[in-house]
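The two complexes that follow have chain A in common; it is paired with chain B in the first and with chain C in the second.
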Partner chain A sequence: MGLPNASEDLSSEMEVDAFRRLFPLRYFERHLAESIRPDARSLSRARNTTISMGAVASADGSALAKIGSTTMLAAIKMEVMTPSLESPDEGCVSIDFHMPPICSPLVRPGRPAEAAPVVAKQLSDTISSSGMINLKELSLVGGKAAWMVYLDIYCLDADGALFDAALLSAVAAFSNLQIPTVSLDDGKIVMLPEEQKEENSEKEPVNKEKRKLTLGGIPFSLTCILHKNYILADPTSEEESIMETLVTVVLDSSNQLVSLYKPGGAVLAYTSAVQDCIALTRQRVKELHQILEEAISGMEID
Partner chain B sequence: MEVDRADGRNPNQLRPLACSCSILHRAHGSASWSQGDTKVLAAVYGPKAGTKKNENPEKASIEVIWKPRTGQIGKPEKEYEIILKRTLQSICILTINPNTTTSFIIQVVHDDGALLPCAINAACAALVDAGIPMKHLAVAICCCSAESGYCILDPTKLEEQKMKAFAYLVFPNSILSVLPEGSSLVQGEPMEHGIITSVTHGAMSVDDYFHCLERGRAASAKLSDFLRRSLQSKLPGDLSKAG
Partner chain C sequence: MAAKPSTTTTAKATYSPIDPTRKTRPPIFSGSDVDWLRPDSRGFHQCRPAFFRTGAVNSASGSAYAEFGNTKVIVSVFGPRESKKAMMYSNIGRLNCNVSYTTFATPIRGQGSDHKDFSSMLHKALEGAIILETFPKTTVDVFALVLESGG
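What follows is the complex of A and B.
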């Protein structure tokens, strides 16, 4: 397949950018042979990660996470609802992942991106599997009122490793969440705005003490590409489109495996590859945990 | 450690398997696969000319439509479609018919646990029925891990919901080789130990996951035998209806 002689003849005269576009796999393999990637990262290093909390002022909790160029904005809004009959003392979390056309030239308005419902479902599975949110904490009045948490994640720039960045922004938004105060008013739950706290002594807040969620095992993830014998951590969108075998490992802070997601792909994952991916993820969990702690303490100082 | 399963099976026992091919006459290939009460019907149409907009025209492309038993198509169905599409892309030889689309339609007849593995097995049997060239077949299995660390195979829906975690694993078909050396070893393991697809749900320890992988590989050998026997009983004249 292809013209191997043509690439050899042209490669001496061709510019690097043209070679990158015309023979992308050969371009990457030449780099991999030297254990480096075109953006000068080593094979096991992830891109620079930053988190900034409170990015959306009108939301109850929000965060902006960037892994390299991939940018995700997560925002949480809470609403009071009647809990369902099967679980009368549990709240509910609804996660939605949007890929607006701003994120990538391949996404057009009116045609939802193929990746969007998959990442949304993966996120809600991961967050419920990890036990980070205890739904019983979201209950206000047993059987009558509970919190409904709407988490919306917007992809602002899709440059590979979408699930990793989305999970990080969701976790950061939950850490930043301030549950609004509510009070019981004639049998109805009413939201109390912040300023009225000193004046209205008759409207006692129902949940004055409980303003933050206690988070259980926080999940962090790393996506790796398997290509022949190489394992590349944290791929960019260019690498993802050329070498299609992805493995996403989600570990929580106690090193429990929350999810190992490998949706097909030409390369088979043998035990040694799986163990290497899990080891890379363990390292990444420590880095991400530290970055999250710094962002949280940075918020509290302000 | 003895475990009581509701239907009296032991932890390594699969439910009764049944596979029938060529049940639909208009489709180029079709198969119905049932594991216990979970039953899935798969139909293959293709290859048809042309690919969709963002697909690579130098390769054949695959389209999967998943129809649940009741209700509207939502995010879980879209996720199953993508997982099935990527699994099938890795087993079909895509360079033989470039710029074509092969469609898979999966209809869930009854869901009693291990739905995705059942669908993958049905799709592979339908592929053989249609005569589409493949590198190898895929066999799929569901393994559950309970709190005490033991692992059971092929759970029913009730068992899936009660267990701490479960994993859907897809392995390549085991190779029946004429040469005495048997299958080639890659990185010290036979080829059929490689994982094509893995989807897990629920948190388990890393050791539990590797334990599930071992049990899954042993079970996939049994499934491969069953698949080989049920497909070999077809007449050679019926094999290719595609195109």
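What follows is the complex of A and C.
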């Protein structure tokens, strides 16, 4: 775009912000040559991550996850369903990812964002293939009633790495989940109110013991951008819009590969690039696992 | 904005175990008492404690998070920006409001959808406060997301 010489001359006179808007790729490449990014992170460092559990009081389990500015609110509501004939002792998990118009100037009300169904599908595939949830634990009365877990994830602020933040909030919400005690009442499952537990001995709770789900291998992910020879971990939305080749690696807590996702892009991923991404993800899994453990123990103290 | 549920199985009919008819609410007007308190022990003229924080959303031009007791809302303002809808030239700006609920805003899970009535109420309320002549040809978008609805 334009003569390369002209832009070189202009760059010394132009303000930094203007240069950033007009020649974004050059702006970033100038930084990458010094192995740093505009927000002063090194190429392999992810942004500050925080998890806060129990964000939504009316939900059975919820969590708010923030990676840098990207904010995701996940809430789980449990409803009762009749299980299907092929799997009479299994419940079901339904994952919905929403990008409301508040999260980004690119989302319009009335038109779902382009990224929303992609992330939703990725999330449900990752969670089901990681084996984190054992569907048999969701059964209430074999063949008659089972739990349907509705997981709704809302993006409150979209600033890159949407899938990472969404997966983190989903996993945290599942760790926070308290299954309500219910009993069978005339063939219908009814929730037991807290006060009546001692008085009502005829309404036996169907699931007194199973209040928390046992989670199998917990998946954690890291998205990286490939650009020429550089690998940038945890991109912001500005970086994602300029350099479009993304690779998402999902590992579980025992460092087994759950999924590797590279949807096209101009840069080809050779074996070495893929191995570097997986190594970066391995480091990130340790950090995320520790952050999640701290959040869980913080809740338990309260 | 609720995307269609992407379940591969057909949408099953599910019901929530919470039984709304069970809770017997005490009648609010209890006889001839003059000095009674509301269910959450407030007086007639007392408002719930409010909490506001600006800068909730970094991607927006302006944003805020507000709580009135149990009602929690996040609002983002984008603009003034070009709008695909407004094709005709106008010498005053346009205001576009949209209010939507999350699926977990109500105790029983609902369809998180737009509420056109709240959107138009918000529009009427803000119209008087914004000087539309200062941004001709452009649109200011105000989006609200209700996280929890407690009245």
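Going forward, the second predicted complex is superposed on the first by the 300 of 302 C-alpha atoms of A that agree within 3 Å, B and C clash if a C-alpha of one lies under 4 Å from a C-alpha of the other, contacts with A are read in each partner's own complex, and residues count from 1 in each chain.
In this text, contacts are C-beta pairs under 8 Å (C-beta built on N, C-alpha and C of every residue); 3 or more make two chains touch, one makes a residue touch a chain.
These numbers were taken from a predicted model, which means no experiment stands behind them.
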| item | value |
| --- | --- |
| Chain B versus chain C as contact partner of A:Gly264, first or second or both or neither | first |
| First, second, both or neither for A:Lys121, with chain B first and chain C second | both |
| First, second, both or neither for A:Lys136, with chain B first and chain C second | neither |
| Contacts of A:Ile102 with chain B and chain C, given as first, second, both or neither | second |
| First, second, both or neither for A:Val274, with chain B first and chain C second | first |
| Touched partner set for A:Arg21, first chain B, second chain C, both or neither | neither |
| Partner touching more residues of chain A, whether chain B or chain C | C |
| Touching partner for A:Lys212 - first (chain B), second (chain C), both, neither | neither |
| First, second, both or neither for A:Lys286, with chain B first and chain C second | neither |
| Residues of chain A at both interfaces, chain B in one complex, chain C in the other | 117, 120-121 |
| Residue ranges of chain A touching chain B (in the complex, touch as defined) | 1, 106, 114, 117-118, 120-122, 125, 129-131, 217, 244-245, 252, 255-266, 268-274, 278 |
| Contact set on chain C toward chain A in their complex | 1-3, 5-7, 9, 12-19, 22-23, 56-61, 63, 70, 74-76, 78, 81, 98, 100, 102-104, 106-107, 109, 112, 114, 141, 143-145, 147-148 |
| Touch list for chain B against partner chain A, complex | 54, 74-76, 78-79, 82-83, 85-90, 95, 165, 167, 170, 172, 186-189, 191, 193-206, 208-210, 213 |
| Contacting residues of chain A [partner chain C, same complex] | 56-59, 62, 69, 71, 73, 75, 77-82, 84, 92, 94-105, 107, 109-113, 116-117, 120-121, 124, 148, 150, 152, 154, 156-159, 180, 182, 188-191, 193, 237 |
